[in-house]
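Worksheet: one structure, shown below.
For clarity, chains are labelled A, B, C and D in written order, and residue numbers in each chain start from 1.
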Amino acid sequence: MELSPRDPDWETRVRSSFAAQKFMDFLGAEMTHLSPGGVDLELRLRDELTQQHGFFHAGATSSIADSAAGYAALTLFAAGFGVLTSEYKINLLNPARQKTLLARGRVVKSGRTLTISKADVYGLDDGDQVHVATGLFTLVSVAGMKD
Amino acid sequence: MELSPRDPDWETRVRSSFAAQKFMDFLGAEMTHLSPGGVDLELRLRDELTQQHGFFHAGATSSIADSAAGYAALTLFAAGFGVLTSEYKINLLNPARQKTLLARGRVVKSGRTLTISKADVYGLDDGDQVHVATGLFTLVSVAGMKD
Amino acid sequence: MELSPRDPDWETRVRSSFAAQKFMDFLGAEMTHLSPGGVDLELRLRDELTQQHGFFHAGATSSIADSAAGYAALTLFAAGFGVLTSEYKINLLNPARQKTLLARGRVVKSGRTLTISKADVYGLDDGDQVHVATGLFTLVSVAGMKD
Amino acid sequence: MELSPRDPDWETRVRSSFAAQKFMDFLGAEMTHLSPGGVDLELRLRDELTQQHGFFHAGATSSIADSAAGYAALTLFAAGFGVLTSEYKINLLNPARQKTLLARGRVVKSGRTLTISKADVYGLDDGDQVHVATGLFTLVSVAGMKD
């Protein structure tokens, strides 16, 4: 697995692209880790993010998993290539009823066109950690798309 | 495939559970179709729902697909059983840059414990319709969980 | 969705590539339908294809689903491009204990690099038809790979 | 995660169920590791297992991944419960053109009804190891089904 960034400006680029994702700001997600091939995002529980039983909605859980997986991929893209999610699959392992969700996106295979990332989401609660979800993501690098 | 609701109050139950999903209200999703085994949701584009290129974020697209698929399953559940998403997979087919997203959730197989639904998401724009995403969802019926 | 073959020799190419899949011959799969964007494969039950309960092994079911989905994609590829499966997901809906499996692969979205196909597998038994599996597949077109 | 077998006879049960999978014998798969929550299977390349380019067919790769993931789950089932695959997703990371495939199935979450396993498949060739595939599997425990 190639974990050397091809773009010397990868860090600035990933941070500014994440800052431009209005949906992440709307949810309240924050980037808490950034390294070549790895991005962590955190999201605090608020009423607006819940489903009918008061847990994080699977859509909220998946949204930060998708962004973490996608930006982990982008850390390794050459300059001038943008990132789009082609597909993903996620298993929801336990109810997400903790105070904070932590999504860990990590690159599994970095290719020229396709990158495969995984994301694991943990619920954090006063020192406890519950494995809430695990997923696999295919990201496409698109030439000429600004990111 | 069994498409006869087991709960005579299925319609009221699905509508009130959907109304209790604060995340759907936060996104702005509306239920525009409800039948045994089928739920449609619509979502209008707003800045808050976009990713870095101005398209609907994959997380927003997936969120309404998940709720449409899950509530399609719930229409067929017996009274006293709640619905949780166990897993799903989604392929993002085309950029979601239309004014409105329409997610069509339909039951593929209704079982006692597990229900499989599919969801197709279309982008609607002045009469045009683009197939934006397609997914498969496994829903679990949980005894004693209010829904 | 573009369903016009780009290669005038698509039919010969798909049939000869399928004939070159020794694994399909080993399982005993036969191509029973071929059209632009669509391939059907059939597989008759034999002891060698079963799991521990005497049903078709999920691996056998998935194998013909994968080949049906992949060759459906190949029908639309330009000459000189080969097909590889990038990823797939499959839901096993009912036990596959019928005499024959029929896998229907159909293109959902045909792109230059990525094609998304779906496959549905049915168990056939003296006129009965059971929906055994449904899946979504991402196929990659690879320049310079013979197919 | 609960990794204590509930059935004192788990080892005998898993080995004899695997021996009863005629499809695994047909492919030539062997169990090379067995522990609570973990099963490894190996498969040597033969012409009968290849696709049109001479690589292991994605169906062969997936078949051993599925059996490894499923038997990893079965190691933790109570006596009297059988295992069925409900669904899975697999990403094919690199061409599988090595001499031997090694599939590592590991339990991610062990539940009463649903178990989530992952499987990673490696291609082994004279000391080299290539990550060929990674997947996520949902297994169902079925009361009264012999395994």
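Following the convention adopted for this analysis, a residue touches a chain if its C-beta (ideal position, glycine included) is under 8 Å from a C-beta of that chain, and two chains touch if they have at least 3 such contacts.
All values derive from a computational prediction rather than experimental measurement.
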item: Higher-contact pair (C-beta pairs counted), B-D versus A-D; value: A-D
item: Longest centre-to-centre distance from chain B, chain (CA-based); value: D
item: Whole-Å separation of chain centres (CA-atom averages), chain C against chain D; value: 22
item: Separation of mean Cα positions, chain D and chain B [Å, integer]; value: 32
item: Centre distance in Å when chain A and chain D are each reduced to the mean of their C-alpha atoms; value: 28
item: Residues of chain B engaged with two or more neighbouring chains; value: 86-87, 89, 91, 116, 136, 138
item: Chain D residues touching chain C - in the complex, by the definition given at the top; value: 17-18, 20-27, 47-53, 57-60, 62-64, 66-67, 70, 82, 84-92, 95, 145-147
item: Residues of chain D that touch chain A when the two form their complex; value: 1, 89, 91, 93-94, 108-109, 116, 118, 131, 134-136, 138
item: Residues of chain D touching chain B in the complex; value: 86-87, 89, 113-114, 116, 136, 138, 140
